[in-house]
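Each of the next two complexes has chain A plus one other chain: chain B in the first, chain C in the second.
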Partner chain A sequence: MSEERQEQGTPLQSRLLQIGIGIGGALVFPIIAILLSFVIGAVIVLITGNNPLAAYLALIEGAFGSAEDFGRTLVYTTPLIFTGLAVAVAFRAGLFNIGGEGQLYIGAITAAWLGVSLGGLGLVAIPLALAGCLVTGFMWGSIPGFLKAYFGAHEVITTIMLNFIGINLAYYLAQHPLRQSGPIPGTESIPYGARLPLLGLSLGRANFGILIALLAALVLYLLLWRTGLGFRIRAVGLSPGAAEYAGMGIGTNTVLALAIGGSFAALGGGVEVMGVYGNMDVPFVANLGFNGIGVALLGRNHPAGVVLGALLFGGLTSGAQEMQFATDVPLQLASVLLAVILLLVTATKLVEFIIGKRARALAGVHLEKGLGG
Partner chain B sequence: MEDFLGSLGPLLQSTVRYATPLVFAALGGLFSERSGVVNIGLEGLMLISAFAGVVGSKFSGSAVVGLLVAIGAGLVFALIHALMCITFEADQIISGTAINLLALSGTGFLMVVIFGSGGTSPRVNGFESVAVPLLSAIPLIGKALFDQSVLVYLMYVLVPVVYFAVFRTPFGLRLRGTGEVPEAVDTAGVSVTRMRYYGVALSGMLAACGGAYLSMGLLSAFTEGMTNGRGFIALAALIFGRWNPLGAAGAALLFGLFFAISFRVNQQAVPIEFVEMLPYLFTIIALVAFGGRAIAPAAIGRPYRKE
Partner chain C sequence: MAESEAGTGVAGATAPVVLEMRGVTKRFGEVTANDHISIELRRGEIHGLLGENGAGKSTLMKILYGLYSPDEGEVFVDGERAEIRDPKDAVSRGIGMVHQHFTLIPRLTVAENIVLGAEPRKGFSLDLDGAVRATEELSERYGLHVDPRARVANLSVGVQQRVEILKALYREARILVLDEPTAVLTPQETEDLFGTLKELVGDGLSIILITHKLGELIGVGDRITIIRDGKVVGTVDASSTDEGALARLMVGRDVLLRVEKTDVKVGEPRLAAENLVVHANTGVTAVDGVSFEVRGGEILGIAGLDGNGQTELAEALAGVRRVESGHVRLDGEDVTSWGADARQQRGLAYVPEDRGSKGLVQDFSLYENNALKTYDERPFSRFGWIFPKVMRRRAAENLRAYDVRPADPDARAGSLSGGNQQKAILARELSGDPGVIIAAQPTRGVDVGAIEFIHRRLLEQRSESKAILLISLELEEIRSLSDRILVMYAGRIAGELGPDATDEEIGLLMAGRGAEKSA
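Moving on to the complex of A and B:
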């Protein structure tokens, strides 16, 4: 009896060890990218004639200093989880979704429209409006999928072009059919009863959106690793040839991966409107879609990693205001840091230089190369 | 009919204007992609140089100095992309996307540091239109082609020069070889790494000319995010033009025409938002209609490792 238990223990221990090594390995690239970007950021702060240590302390204080600050960080984290998931699910299928920005706008305008029209229903309007975002995001996200699968148009270019089209479409709707009567360009406001409630817990402006975002991450995890569809998406991403040989339609899975990504980003836009702004103003908040790319890569295209990556990006954005207030460093430094992290996060040889040859096995980004079509 | 001809001249003139930054950036992208490095950062390279040009012109009072500063900035940022993609073997599309975000946030940051606030910079000296004697008097196309800024004339010269350099010189042969069969170039004793650095560096300097034309030719100030997707459209023009300078320039002219049309559509009849969608919509249509048949350089996107 005791021997049996012994035998059960050993594989468990080695499995835990394996998981530990796996997580450790996965963190190498993100951690090196983050540390180096902070060093580069410190140099930039020095050049502007400020004290980097003071700037970073103010940044951390601003992001996590009090419950209210943390609440604000959660507000900034929420949409980045959604756009990060939108990029991650496409990456898993070997596709690069740069269309998060436009997809988020499509979701935002959907939520603003449904939230106002169904506002009389109170809280019931929330799930209905968010379901609407899932549908419009799915449809919008499937466009580059179809263009890729049936016309060979590369998704990198088409998703970028669709950003401009989606943003303009949302702005048209916000300024014409859905425009509010007042002087400020934007849609009518959703009644307070039909908005996402605040979390409370002295977390300031943090609302239930963060819980929806965490739920979305869990759903994507289950979808990717516990369903046949998820298996096919990952198979197509890891080895398109083998997947096709096994009878998995590459075209169908391409369309689905990008469409599901579109749903996540659009849900992010919807949660932003129903939780933070209450309507869609023109101009609307920018770059959440693009920063989702960095979030996904920092998080190694894993839903749990995406949540952590979004928390880091959200914290930087949130703390930057305090930093600008306490020192003379413009808050745009945070966006510069985010860009530098993205620049460094796949730099294989750089990491190899720092930790040795094992780096190559840990690189972990598999993309179909080239823009030819 | 007279009305139509009367408006055709100005339409052609603005077509050339809107095409010019696209041609510069597409020629730049050509050098990079022919050497085997995807350069999706063209957008950012144009943006950072548009800003650098304005800063250079503002503090020197000279548009020429501005252009040189712009080219320097384009070169530096292109070398960052090269360092990441070639030396550090980062993913090329991700590095390019990071360059775009870095340019967007970096110019936002520097606007505050240098000019005290974001948005639009002060006006600076730019490149005024210079009419070429005689040629500009040709009916219909004269003003369109030969009453433009010096940078437009530079673009006219560069298209055949780039064609010659890429298809008729030993340098061009090596560059194309590096993008198609790097192993063969390596065996012939030419450094693949060096050729790719040249390709990406040239892409930065050419995209910089496009950026400088935006902020010192089309306009005479920098506005945050003013490239507005032009780098990506240039990339589409490059694909559309099959990685050939003449084809890319032709495609860029076509996209320039779309821009020119979109600014001339009666906004009473069509809302401005739909007008602004047109160039991007045309880009997708062009890509769908012709892009699928384009064949990229064979070794594009892959880091080269010596065996």
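Moving on to the complex of A and C:
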């Protein structure tokens, strides 16, 4: 029963060992979930009378087979990194941010508006418009924070409800004050000079948005682990009681974590408009915000994990189109695979049962925590 | 296995063995909680099971009660091999368990609680009169007086414990296991309990008494089995041992049970409460007009049974609970409206009683916990950035100085034992050179070795003219450390005593009977 753990070796060795176990443990679980889901997916493909191996090869080929395919994967990955980060930062503070969808739309309409009105400035318009997204996202995201901190309204409910308001507010603005002259509902297009440039390198449509997304992940990492604010957010998330006793304001940190999450998702909407579409159409691309929840879940709410999770989501989405061309397997298989992966990641006990005790010991805390990572 | 010969001299040595656990081993992953433990219980014996927290006592008893299954080893009841798979098996073998945390339903009556799960029936309905009759009979037979129709919620803790014992007896227990039964009792109630236990063994019952308090067993036990790190280190005859010898067996080295106190010149009042009124979470008044001063170089002890307002008092003083009326002063300055961090910066250290959820962030590393209150101050932080390297270095020093094991700043706080967690909190709180220290239950659930260490550190602070408020449920601790003792009862100060007050004097105040006596 003695819970004392006697560390062997020098502090450095033991630290490296801990980091190794930490990374290994963090990866074991999602990887097993992914492999299992591919097995289950194979069964489904077999039932539909197709060859699973051919389907998977086409899927991987479609996602990573050529520079152009990879470029398309990056285009799908980019917004998911932002919305994944939006969920992750809130989760680190012990909060569920289900409002990524609405926050992304707020960002998209902000970028569409600023991109057009500042379009004459050329490239200078880009940072200005994206900064605008950060501001509107921050304000929008702080609303559920205030409702939670001062009125006790649960953030799950309020963020879901704010999705409806955010989406429809953005649609209203896109169709009325900001509507373009023409039959298609949507905003004016941002001049090409004020859009995010393509990456080139024969990566097809991949643009600088992916670099901004990676930068955002790095920023979140530094924020969480290298600033006092991040220290508070993590303390509040892991133990509100201890954080309060240490004199950290729970309310302030709740507002800030949700507001920062709002900024990330809104930035994702802005990058989508300025990098991919050039304007905000009605309807606009759907479900990026909701998929961010899955990305964060898969990435264990760690910025690096979010990037990997988003790449998996993006790769599956991108590869599925190619798979549908090449084989008779419908593109929906990708959605099924994603859903199974998430189910397995959530149902920790099930995977624990399947993979047995040894792997469980390796995964250690991560399994115990389930969502918590 | 490690059975010593000491047991053979006991009066009841010829009595038949009613329970034997032989070579019981239980592993949890890498940890061996019980390592070939053998223990035997004779008919009519009170057998003490002594060990520090985490030594493996509870695991062993959970195996006996069918809550865990052993990896190795056997259990014999009345000489017959018993396969105990669940508590039902245990009960049918005549084993009864009184848990540390009661399992009574507060809204039901005593009789209803006692028969719960084995209710007498009349046709399809409950025979409540039968339950009352059965309860009366039992309490008559064993001299355990209770009112069968009283609601459990209205009973004192001591009486609730009696109900728990009756519950086991109603199920015809012949072997009774009591897990830390005195933890919640006043000295008088403890004495009553031991009287009852002696009567029960007189009637032929056999009792296993689990405790980590050394002195307790010497008065009541026949034999005492000591467990350390999951192994039996000896079984001794209670009449031929003393506290020092038991402590040595329990900890594995010599332990100073009572640390020496030096004379310290008492200085100015540093912490003061003036007519403090504080509410509990439920909105009920928990602290009801409490006033006192703690001076530099002085330890003021606050004694009292759990739940008499001590927790809320400590929280209000530390700034994490709202003060309804009255004032808190730090070095003469009114800090009533200040937050916890402002008070901390002003030199107030606070060791909260709920170490697990309030004192530490379990999933933070030790270095992060060490900086939990100062992460935003130099040298840990500048311009909003924090410097984990500096935190780690400072933590390593602190952990070594306070003998925290492992002294690894990257270890997760939650992986440490209770004693080491508490030392880590102490390291954080005391390293900032505070002027005032509030220590709430600083040694609860902490092993003897760590208790000695913590007591020394508190006395050290006292010699440095710090003002220390010590809140504890352990009378022995209050008495050995305090210069003055206040007893809290129902949110008020029931009286003030000196450190040489007797158990009885303190006990009466703890039970709220001080006023009656003086009136």
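Here is the rule we use: the second predicted complex is superposed on the first by the 339 of 373 C-alpha atoms of A that agree within 3 Å, B and C clash if a C-alpha of one lies under 4 Å from a C-alpha of the other, contacts with A are read in each partner's own complex, and residues count from 1 in each chain.
Throughout what follows, a residue touches a chain if its C-beta (ideal position, glycine included) is under 8 Å from a C-beta of that chain, and two chains touch if they have at least 3 such contacts.
No experiment lies behind these values; they were computed from the predicted model shown.
Chain A has more of its residues touched by B than by the other of chain B and chain C.
Once the two complexes are laid over each other on the shared chain, residue contacts for A:235 go to chain C alone; chain B is not touched.
By the touch criterion defined above, A:184 lies against neither chain B nor chain C after alignment on the C-alpha atoms of chain A. On chain A, the patch touched by chain B and the patch touched by chain C overlap at residues 365, 372.
Contact residues on chain C toward chain A in their complex (touch as defined above): 28-29, 31, 33, 54-56, 58-59, 229-230, 318-320, 339-342, 344, 350, 352, 354, 357-364, 368, 371-373, 375-376, 381, 384-386, 388, 396, 405-406, 408-412, 415-417, 420. Taken in their complex, chain B has these residues touching chain A: 33, 38, 40, 80, 84, 87-95, 97-102, 104-106, 108-109, 112-113, 118, 228-229, 232, 235-236, 239, 271, 273-274, 276-277, 280-281, 283-284, 287-288, 291-297, 300-303. Of all the residues in chain A, the ones that touch chain C in their complex are 1-7, 11, 14-15, 18, 225-232, 234-235, 238-239, 241-249, 361, 365, 372. On the chain A side of its complex with chain B, the touching residues are 44, 48, 96, 98, 147, 151-154, 156-158, 160-165, 168-169, 171-172, 175-176, 287, 290-291, 293-294, 297, 330, 332-333, 335-336, 338-340, 342-350, 365, 367, 369-373.
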